[in-house]
Amino acid sequence: MACVIQVINPNTSQAMTDTIAGAARRAAAPGTEIAAVCPSQGVPSIEGHFDEAVATLGVLEQVRLGKAQGVDGHIIACFGDPGLLAARELARAPVVGIAEAAMHMATLVATRFSIITTLPRTLVIARHLLQRYGFEHHCAALHAIDLPVQALEDPHGMAQHKVREQCIQARRQDGCGAIVLGCGGMADLAQTLTRELDMPVIDGVSAAVKMVEALAGLGLSTSKHGDLDYPLDKPLTGAFSHLR
Amino acid sequence: MACVIQVINPNTSQAMTDTIAGAARRAAAPGTEIAAVCPSQGVPSIEGHFDEAVATLGVLEQVRLGKAQGVDGHIIACFGDPGLLAARELARAPVVGIAEAAMHMATLVATRFSIITTLPRTLVIARHLLQRYGFEHHCAALHAIDLPVQALEDPHGMAQHKVREQCIQARRQDGCGAIVLGCGGMADLAQTLTRELDMPVIDGVSAAVKMVEALAGLGLSTSKHGDLDYPLDKPLTGAFSHLR
Amino acid sequence: MACVIQVINPNTSQAMTDTIAGAARRAAAPGTEIAAVCPSQGVPSIEGHFDEAVATLGVLEQVRLGKAQGVDGHIIACFGDPGLLAARELARAPVVGIAEAAMHMATLVATRFSIITTLPRTLVIARHLLQRYGFEHHCAALHAIDLPVQALEDPHGMAQHKVREQCIQARRQDGCGAIVLGCGGMADLAQTLTRELDMPVIDGVSAAVKMVEALAGLGLSTSKHGDLDYPLDKPLTGAFSHLR
Amino acid sequence: MACVIQVINPNTSQAMTDTIAGAARRAAAPGTEIAAVCPSQGVPSIEGHFDEAVATLGVLEQVRLGKAQGVDGHIIACFGDPGLLAARELARAPVVGIAEAAMHMATLVATRFSIITTLPRTLVIARHLLQRYGFEHHCAALHAIDLPVQALEDPHGMAQHKVREQCIQARRQDGCGAIVLGCGGMADLAQTLTRELDMPVIDGVSAAVKMVEALAGLGLSTSKHGDLDYPLDKPLTGAFSHLR
Amino acid sequence: MACVIQVINPNTSQAMTDTIAGAARRAAAPGTEIAAVCPSQGVPSIEGHFDEAVATLGVLEQVRLGKAQGVDGHIIACFGDPGLLAARELARAPVVGIAEAAMHMATLVATRFSIITTLPRTLVIARHLLQRYGFEHHCAALHAIDLPVQALEDPHGMAQHKVREQCIQARRQDGCGAIVLGCGGMADLAQTLTRELDMPVIDGVSAAVKMVEALAGLGLSTSKHGDLDYPLDKPLTGAFSHLR
Amino acid sequence: MACVIQVINPNTSQAMTDTIAGAARRAAAPGTEIAAVCPSQGVPSIEGHFDEAVATLGVLEQVRLGKAQGVDGHIIACFGDPGLLAARELARAPVVGIAEAAMHMATLVATRFSIITTLPRTLVIARHLLQRYGFEHHCAALHAIDLPVQALEDPHGMAQHKVREQCIQARRQDGCGAIVLGCGGMADLAQTLTRELDMPVIDGVSAAVKMVEALAGLGLSTSKHGDLDYPLDKPLTGAFSHLR
């Protein structure tokens, strides 16, 4: 049974969309097709709540398009999981964020995990997600490499080096059993680091692909009973009129 | 010292904007000017995460405009406080949501409060805010009148009646000492209900006006040290390009 | 790539092992082989902490055997997830409990879920797991049908009827968006109930199969860095000597 | 509309009462009159639970006097908020503690704040208040300058210097966006430090003045429905007979 | 080794002091001497925060006296544990409150307990103690018989009847395994109810006697390292001068 | 009244059983008899979840034997409290774990305590117990001396030295008022360290003895109403058949 997963990079960077698409395809099961997209308009990278708010609209537009195409699941491929519950309202198929996917997976292979993210200002987003998802007790520590997201677009640059350094230090000091990479742009580092550190280093993009495959395989879709029901039918106006 | 507070109704309903503006003006101190606005485009009412996501963009546009006009504070007048942290990044002046304002005030006059909201699907939003703001232990119960937001636009309709009934029942059964009205459209009911029930019934719009006056009076503005710093300067494209 | 998943029914009931095996096979991907086992000695059903303690030894023995056979993952198919962390120490491959699998999945398709279990005395076990896994805020309510586990072995008996009744009531009253079936013996009810109630009713056995497939597909195994490292090598004596 | 706020310094130090009165008056709105008082008997400074217990009686006596004079609100100007709930029972007008006022305000302008207090033994009091008020997640760190409260009475002494040093260090290391000054005796440092550090440094005395003004402006008084109702009428004997 | 335990009834009721003394003596080990006292001035019963604040001073005075007499431990025999931490600062010997003693004991014999108290307005005090002591998850439910404390002074009155009725109902409905009696005046009901209900019904007075005996037997006294160190030496004035 | 307490060392080390028995006997009241036992088969030390699972069976067998002998209480003398709830199901008399006993006692003499354990991999067990028992807020820090349990069997070895060093450091740095020794093998260090550090250093073995004496003295036994009721009567097979 073929399964089409729409992987939505919430920012407008084609380079990061490619990185994410690559990681998603490497993780996909034989029968899974990855449709990697990004919004045509929005922000080139997401490093704060304002960026998230803008990117959320792009996510919702892509979910609407993917739904019209009949995809079997949607992935929000930014570590803040922007627009997750709004997307779940819009969709019938499962919607999974890469932060939640990575965190869930991490709790299955270790008692505590550390998170490594980009700029310090994004730490609060990860903290809020830990609280919302219920994983505060499972997080040993949070670290920021203090470089912007786009620094990860240079595949051999300083950012990759700093992620690796931070992973090694977290392994030594945090008392963690796994590491969660806190940015979609780090997706292609997970496998190498897992081998090098000999401990699970988890990328949310590939984790989310497997999570959507799992939900689809179970025939589970987003609950339409209760508070994730479709948005009430009301006239959207102006720049938002295409969203319904 | 004159103080201008921008009260943003995140939905596009002029009727509700008027209700909110009225409540805000009644609460305002002599020197305070209320600039009540709503987005020119978006959703006519907010009853879920999707609606919130769309409305957030309107909120941010209004914050940007208000900031350009030099207002002394911004209020997000929808009980889900949509876009609160994003707005705080954008603004220098204080930004207060009506849910947080009402909840904070309630904890100062009672050990526990109950919340009365509109549709059951909005309860999850209130629950998430209680968790985020730290007030889970201060909430005795949450209730929904099971009518949509717009039913409140008829000032003598069934919705007002149901809010009142629910307040009376909460007073009798919940073990609460105060009630928080969970919708901007209920703003003009608070004073009457406070008198009738002889207990604090708190409307977030007026609470937020006083909270912004308080912050402005202290000379406190949104912290620009750390994770609420201005959004990083990056090219916003398409329908969002005007937001920077 | 073929994937062999060992599904361990921690009790000694062959009937329940068959039910579990059936649910696991229906959930398994084409390339997945299900090796369903149960201990040769122990308890015929698990309805309390004492039963769990006894069953844990059987689980560990089976994990040891499965590991020797080179399986790609282990499932502990009792809703209390007995011996989960001990099994993770013993194994290299992923180990997933059916309670955690069902709970994780439920949080991905609904904001809150209800749990339906067998005897009231097992509720405390579910409560403790919710606390340990971090899902207390995601659980709307817990219910017990007040029949023992073995009542589920009669496929058309009163127990199935009571589970269905309880599901219908939970849907109406709990404010939940999904239901988690709290016993391995309910595994074959999930699909029918999902259709009938038009909301996700989640069985942990099939959820765990997909979760292990997901972990295996990602190449993630149980972390051996830190507190899930292999048990220290020490002489086990008496009835336990075969466990090392 | 004139508003009279009774600012109660729970200790007997006239110097600290003056500092607090000054901060309160600088914060007060034009129509607000500050009536700064301290008990005639009690402890000269509050640095522990015993001191708080003694000071609470002085607070209650002052609340009783203020109520007889018809004040519009009461402030408990010691960072442990001693006697807060007892005072709320006694009063009809709003009662606000400076710790709660400062913490509430801080959550409106920053995602996390740090607290700077005097002796290490007072840290537990601040921790307990964070738990009670619900702000544990909003507190980045707690620090003590390790000098007694009275060291702050010398306006140019070592204590002020240490507070400033600690603020600078907290700004650099804690990941906080605001600082809460944890002693009424630090009230006059907030404005200077806010400017110097370019981040909100919040004094509870001025915060409480604005909070009471806000509550009074809304016509909100302490709830007399439920557990903050007036103390039951019973014969107080001995040294306490004047309290009723 | 003789052990003298000072049992302090924080209110001024001699009848209740006698009830408490009786329960304490029945619980005491052969070598334990019970010195039951109550303040000479204060409140005749404690049903709120104001009452607690007044009673705390009486507690502290008695602790001071008991310490001068060289008692081996102090018990605060009111279910709100008024002045507990202040008394610990003052004392060197162990100080135990009857609420904490009962709650601790209850968690050792049941997974969850219910609390039965007097007036509804005292429920908030019990809730705050559950939070402070860490037993929120161990409490199944809280109930109030809606009669004042002094109604318990008539040993065959309505209050005893209502406590019994409430216990029976809690046993049937709460899912609890034990009941904690939430008032010192209920001390003599515990044994009879334990027998009648065939489940642990725990009185804090006797529980605290055993807890102090336990601490004394271990040679454990209140820690004087850190925040429970003796109050700093400062001049107490007026009605409080005798407290140092 | 003579009281017989069965002290179960869950591991098979006779040396550690002797250490534990010694500590228990020193703590016991004159009328208390200590019956110290260890399983005939199992693990020689417990340093992880697997070890705990194996040891639990030995604990249960000993509880069954002790119950047949009519003991008045059971102690599980390993800091992880392995098999605690299962043992409570099996027993009628009180069952107390040494971790819970030590933690409960610590909260009665200090606001926060630190824990010192053996290998770092056991820290997660202590963390889980803190969560389960409700004492997370009462724990200032956890430390591991990074030596295995058996290193404590040499009474003058490096392990004792490291425990002492760690205690001194915790006293200086953690802001704790008491220390909990996190291993049954440290039982004989508590008194000396309490004297040397002049703060409570608490050993769980002696704490548990006093706790069981306290419960027995109150006539409180494990609740058989609800989820700690005796295990349901079912045929245990194979190596477990003797457990019923």
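Assorted remarks:
To keep things simple, chains are lettered A, B, C, D, E and F as they appear, and every chain counts its residues starting from 1.
Operating definition for what follows: a contact is a pair of C-beta atoms (placed from the backbone, for glycine too) under 8 Å apart; a residue touches a chain by one contact, two chains touch by 3 or more.
Keep in mind that this is a model prediction, so the values were computed, not measured.
Each step here moves to a touching chain, and the least such steps from subunit B to subunit D number 1. With centres defined by CA atoms alone, the chain at the far end from subunit C is D.
Of the two chain pairs examined here, E-F and B-C, the one linked by more C-beta pairs in contact is E-F. The equivalent interface to B-D, defined as the listed pair sharing over half of its contact pairs by residue number with it, is E-F out of D-F, C-E or E-F.
Per-chain Cα centroids separate subunit A from subunit E by 52 Å. With centres defined as mean CA coordinates, subunit C is found 27 Å away from subunit A. Note: centroid distance subunit A to subunit F, computed from Cα atoms, is 44 Å. Counting partner chains per residue, subunit C has residues 85, 88, 111-112, 120, 123-124, 131, 137, 175, 226-227 touching two or more of them.
The full set of touching chain pairs reads A-B, A-C, A-D, A-F, B-C, B-D, B-E, C-E, C-F, D-E, D-F, E-F.
Residues 27, 29, 85, 88, 94, 96, 100, 104-105, 107-112, 133-138, 171, 175-178, 191, 194, 197-200, 202, 206-207, 210-211, 213-215, 217-228 of subunit B are the ones that touch subunit D when the two sit in their complex. If you check the complex, the residues on subunit B that touch subunit A are 12, 40-45, 47-54, 56-57, 60, 83, 85-86, 88-90, 120-124, 128, 131-132, 148, 226-227, 229, 231-232, 234-241, 243.
Across the interface of their complex, subunit A is touched by residues 111-112, 137, 175 of subunit D.
Taken in their complex, subunit A has these residues touching subunit D: 120, 123-124, 127, 131.
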